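Both complexes below contain chain A, partnered by chain B and then by chain C.
After this line comes the complex of A and B, so read on.
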């Protein structure tokens, strides 16, 4: 299969900013909506997605000569399913209090981590890995993973803060500590799925507007020269 | 081999490897960790659950049943109590005091790391003063056997000493157990 080459840095920046998975490509929206109810959950899910995406793309890239388009998607799904299952098993073994269903301050990682294996971000990036070189794929996976993580963290922070007026952190032993920004009014509707879609749309709009403005400024600057 | 054949083979190998790694991690890491957290023992009795309510007991093992050992038995029953915090060594004893001023006091104590952490009055054949003291006292909480528990009053002064003999017996018994 013919592979195109862009370079590591260009692929990295493309995944991180210009084609951000959440804000530009709208990949992994289920995770983005579900995980951003809490800042800490968004951070954990974003980090896990980054690791799982990178390893899945690496595995597909290394085996690209044996795979066709459909095979690459299935292969990426198998690798990511294995990694997310391992993550759940290790969480159960080493951080049971952090994911305890009886603790309302615990993180909902047992529900969210399996979603990573079937998120469109991992499957699409896995399939696209066939068309590019290993260097480009790793740059794109790293950029996309970090871009996904940053988008989730920012949306999660704003969403939890507006919905509750505070940010809650849960330690590995299950104890929670809360940083309260203000008391009184809160937009509790943002804790609902609506809030996730709403804030993704808002941040996506800001992101795309900035990119469009830069695109329009560039020709004007060239004409002025 | 054609493209479909190679893809199928690679995906099957990946699936087998993934299942192997997952099963290996489950039996090598997760299952032992879960087993270590669930202590052995029987279901927690209501009395022990109430006494150790703050510690969330997860299981008990009875090691002593002295209820048929005659009227002089100081320890009527003894249990090893497994708590959520597995670093704490806990025991439950139902004690009966020696003869006080007018009778004996039956009470429960919870011992955590060789110190009496909980006390609960059960019944008494002591006189009214002694019974009232035993019903309301908190003097045994924090007791580790190193000092004397006392009460002042014409008849009540004999009750703490009689009860302390049973508490000392429980502390001594607990110290000798794993």
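After this line comes the complex of A and C, so read on.
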């Protein structure tokens, strides 16, 4: 298969900003809707997705010579399923309080982490790895992973703050500490799936509007010169 | 009655699409422009049944050994990969060229799908001793609810993608489909409480 070359930095910036997985390409929406109910869950899921995406893309890129489109997708899914199972087992072994189902303040990681393996972000990036060089793939995986993490963290922060008026952190031993921004007025409906779709749509709209405005300004600046 | 209850709640209250699972995949499931989409819908349903009954098996194993709770997603993905590989072979050897072209690569998104994993996780989340009717009802009705909801939201998608000029130009960069789904979720949520 013929591969195209863009360069590490261009691929990185493309994945991070211009083709942000959540805000521009709408990849990984399952995780974006589910994980952003809490800021800390969004942070943990974003970080784990970054690591799993990077390793899956690396594995597919190294084996690209004997994979076709379907093979690459299945390979990426199986690699990421292995990594997410490993992550869950590590969490159970070293941070059981964080995922304790009986603890209200625990994170929903036990349910969410397996979804990383079948998220469209990992599957699509795994498939696309066949068309680009290793350097481009790693740049894109790193940029997309960080872009995904940043989008989740920002949406998670706003969603939890508006839904509860505070941000809660849970330590490894299960103790929770809360920073309260205000009391009384909250939009608890944002904690429902509606809030996930709505805030992803709003942030995506802002992101796309900024990109469009820059696109329109560029030709005007060229003409002025 | 329990069966009907699960069917109704899977469509109105706990639909996998409306909860966010497999949201992206609903685009190709519901899109009307794919003439042979019924093949995709059938493939999804058969795969969901296979995975559902496998999930029931994993549930029994997890009751004796906790380790199976954590290994279930991995084995579910392996089953999905086998189903997808089987469907790809079937399409390659048995389907006419026209159907193969029409379906193209969209079955990859259908075969490896977060809503299928959600189905297994829902089965695992039921308490021990749950009635078999509810389990069978969930195995059959959750994918049916998913298909019905994705067909409905697919129609919204088609409308938006075929008539972009009808929207106000100032909202051109707003993801209207996401906002429509948010409204649908809000409607279902208000209806159930």
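We adopt the following convention: the second predicted complex is superposed on the first by the 225 of 225 C-alpha atoms of A that agree within 3 Å, B and C clash if a C-alpha of one lies under 4 Å from a C-alpha of the other, contacts with A are read in each partner's own complex, and residues count from 1 in each chain.
Going forward, contacts are C-beta pairs under 8 Å (C-beta built on N, C-alpha and C of every residue); 3 or more make two chains touch, one makes a residue touch a chain.
The structure displayed is predicted, hence computed values, not measured ones.
Annotation for chain A, partner touching more residues between chain B and chain C: C. Once the two complexes are laid over each other on the shared chain, residue contacts for A:78 go to chain B and to chain C alike. Within the superposed three-chain model, A:196 lies in touch with chain C and out of touch with chain B [touch as defined at top]. In the superposition on chain A, A:63 makes contact with chain B only, not with chain C. By the touch criterion defined above, A:92 lies against chain B and chain C together after alignment on the C-alpha atoms of chain A. Within the superposed three-chain model, A:217 lies out of touch with both chain B and chain C [touch as defined at top].
The intersection of chain A residues touching chain B with those touching chain C, taken from the two complexes, comprises 70, 74, 78, 81-82, 85, 89, 92. On the chain C side of its complex with chain A, the touching residues are 18-25, 70-71, 73-74, 77-78, 80-81, 84-85, 88, 105, 108-109, 112-114, 116-118, 121, 172-175, 178-179, 181-183, 185-186, 189.
Taken together, the chain B residues at the contact with chain A in this complex read 3-4, 6-11, 14-15, 17-19, 21-22, 25-26, 29-30, 33-34, 37. By the touch rule above, chain A contacts chain C in their complex via residues 26-27, 29-30, 33-34, 69-70, 73-74, 77-78, 81-82, 84-85, 88-89, 92, 111, 114-115, 117-120, 123, 127, 189, 192-194, 196-198, 200-201, 204-205, 208-209, 211-212.
Partner chain B is touched in their complex by these residues of chain A: 59, 63, 66-68, 70-71, 74-75, 78-79, 81-82, 85-86, 89-90, 92-94, 96.
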